[in-house]
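What follows is a pair of complexes built around subunit A, which joins subunit B in one and subunit C in the other.
Coming up: the complex of A and B.
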């Protein structure tokens, strides 16, 4: 249990437990300050119109490609860059995670000769393409084209982050004196967790 | 049929006898081998012959230790990657495919069969000699594609390249 000293009360207690008079001594983040200024708890949540049959919105698309040959992955990267500029899809960056290797140390000889061994390994090279701000139809078209041109021996894993409208049944609690922590969820959109699909 | 056989005999007159002993006791665990030719052997790495006339193709000259450096594999699939699926089935399918092609295309393939797997398709490639009439070759292509697609339940395509005769692919004599 923390004693209520001046320092403890400002920095180590939760914001809900800090009395209002002392709260001002603690520098709060820009977001929290803005939320206080804009008085987000009091303003009603704007209702966003989503007509029926409207496209899904993807905040992020992560395409991870794995293969045994780094040269093949590099040529595929060149291809994906060209395609994304042609089809006007925003490629944020291409990440090169370090390769993973699976090793075995086995005897070199059929019989005896325990002193002589041999090392074998299998390497998996990775490459990650990060895209942003795609619609559902753009994403499916782009992915279809990229997957049709996937070379043999290359594996693809796709992660998508979709934007969903905020659920109407989630309502902030009735307004109290200190509501900085509870108002973090009143953003107008939220993110749905990703889905995975594999190919090749 | 008779003409076909005659052509084959003339074409394969350079068949050399392999100097390596093909005794059935080569890889036995209960007989301790001591002779130099059988004990100091390495997979796919031949030793020099006395007359230096054992033919090797370019692919055979690249010994297995160069795989990943200057030599690639003969099958391309994702089963051995991290989180790769269908490892055992792919290998057994590959073995079956090689044996099938070896048996169906009688002494026609002069290179190893290259097996590529793209989505659910299997694409076979290789070098073939022009010992038979092109019409027979077209029949062989169609027959292999049909019967392999039916057996393996995946679309199978053959993309072969032809070569005049076997001497064209010999790279060196070992």
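Coming up: the complex of A and C.
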């Protein structure tokens, strides 16, 4: 289906990005998707001034804690809830992903005795706290307090989503030649496709 | 290191002069008689039998003193717990005024069938406790650190405002392990996310940008994702991602000479102006005219502007829009073609 034209080779087309070449069910849907891609909105970029040393803005903060004891995690959740109300931090929700078990079946004896085995398992329990709309200083304060009071044997993973504007240099280059679609009809189009086009 | 006996003598101001002495013995040097010059000194690791001083001392029997009652019995119910347990520490059963038990009793023979108390309970000491983080503790701590928090600016309360003013979302991870090292290589990864509608493009630039991005562009959400993890440090990865973004953007605005060789198979949407359908239509319109040779394509199009416009729209819709409105589009197309041939249903 993909014709090896020079243009295509350069961009290493993926099958889903192949434009309409045969009037088949699949190609109509891909063409529809491509048309959607070309839906350009010309938003003029607003100029944002961010002087050096200004606070960062975190759209989302996700604090994941992992431990072997679910009771400790529950207590930590109570702690985090209280802290977020005291420090005016928006706690969106607390997620409890299912625990993960690692199991081994090992021989009970050092030597021989193949009939007798033992089952071991290690469980990791998870808890995720989702926060939103925090400034950099609030996030640092809250995280430092929460991390200092993290119980023993608990692991924490913090995912931050920071918001930033585009840099000022990302504007259309003034010397760009705005290309229009070529009006030359290429002679390489096969008769078959043109016939199909006429019949469509 | 001289000869030492370390004594812990706890004297009570009571009638009982019972004293519990704990002794720490250290290796003793021999204090035998000093040798004269020339005499061969023998090695004496322990005091010799001949050099005993005084009669044999009897090992003192350990006498246990009466220990004070636990502190929790003397606590008032309205005391300030934040002063009793200020920081995280091991469970101290004499300080905690609660009748806590911990442990499983299998039968009446164990501990007389009673639940295991907190006194000298190793299991209670092993687990982490939250006595240092009661609500009163948290209120005190937060009141002290609240001054370092800043409020979220109200202008960015909505998602749309965030997208418009601050379109890029940069995701980073931090890892906190209880390992000897504080490093984690996964923390170097930086992810850039933004919607393409926030950048200025023309048709060619946008199409080229999307093709250059490849699998990093998500059509459904119109989002571009750049994940940078090549470099060892987070800042380096951030700078690399910024460079990638800039390079992508400006490359998409460039037009290479070989892009002119684009064929019909490379079209990203249906360009009717280049299609054979347009030629066919011109032929048909020419045939309608009385004097075919004197007419050129431009005037033909001008004269039948409405028809041409309708036909162009309907065939473009059929080619581009896909299965959603297929039936409707084909119907419209049929009607336009019939109109073209002046045939009415």
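Everything that follows uses one rule, which is that the second predicted complex is superposed on the first by the 124 of 200 C-alpha atoms of A that agree within 3 Å, B and C clash if a C-alpha of one lies under 4 Å from a C-alpha of the other, contacts with A are read in each partner's own complex, and residues count from 1 in each chain.
As a working rule, contacts are C-beta pairs under 8 Å (C-beta built on N, C-alpha and C of every residue); 3 or more make two chains touch, one makes a residue touch a chain.
Since the model is a prediction, treat every value here as computed from it, not as a measurement.
Determine, under the contact definition given at the top, whether A:69 touches first (subunit B), second (subunit C), both, or neither.
A:69 sits against subunit B and subunit C alike.
Check whether A:57 is in contact with subunit B, with subunit C, with both or with neither, and answer first, second, both or neither.
second
Go through the superposed model and pick first if A:100 touches only subunit B, second if only subunit C, both, or neither.
A:100 contacts subunit B only, not subunit C.
Comparing subunit B against subunit C, which has contacts with more of the residues in subunit A?
C
Thinking of the overlay built on chain A, is A:152 touched by subunit B (first), by subunit C (second), by both, or by neither?
A:152 sits against subunit B and subunit C alike.
What is the contact status of A:88 with respect to subunit B (first) and subunit C (second): first, second, both, or neither?
So A:88 only meets subunit C here.
Counting contacts the way the document defines them, which residues of subunit A are shared by the two interfaces, the one with subunit B and the one with subunit C?
Correct list for subunit A: 69, 147, 150-155, 200.
Applying the document's contact rule, which stretches of subunit C touch subunit A when the two form their complex?
88, 127-128, 130, 132-133, 135, 138-139, 141-143, 145-146, 148-153, 156-157, 162, 164-178, 194, 197-207, 210-212, 214-215, 219, 222, 242, 245-246, 249-250, 253-255, 258-271, 273-277, 279-280, 315, 318-324, 326
Note which residues of subunit A are touching subunit C in the complex, please.
Touch list, subunit A to subunit C: 2-3, 5-8, 10-14, 17, 19-21, 25, 28-29, 31-38, 40-46, 48, 55, 57, 59, 69, 72, 75, 79, 82-83, 86-89, 133-138, 140-142, 145, 147, 149-167, 169-173, 176-179, 181-186, 188-189, 193-194, 197-198, 200.
Subunit A touches which residues of subunit B in the complex?
Residues 27, 29, 32-33, 39, 68, 72-73, 76-78, 80-84, 116-119, 123 of subunit B touch subunit A in their complex.
Mind pulling up the subunit A residues that touch subunit B in the complex?
66-69, 100, 102, 110-111, 122-124, 147, 150-155, 199-200
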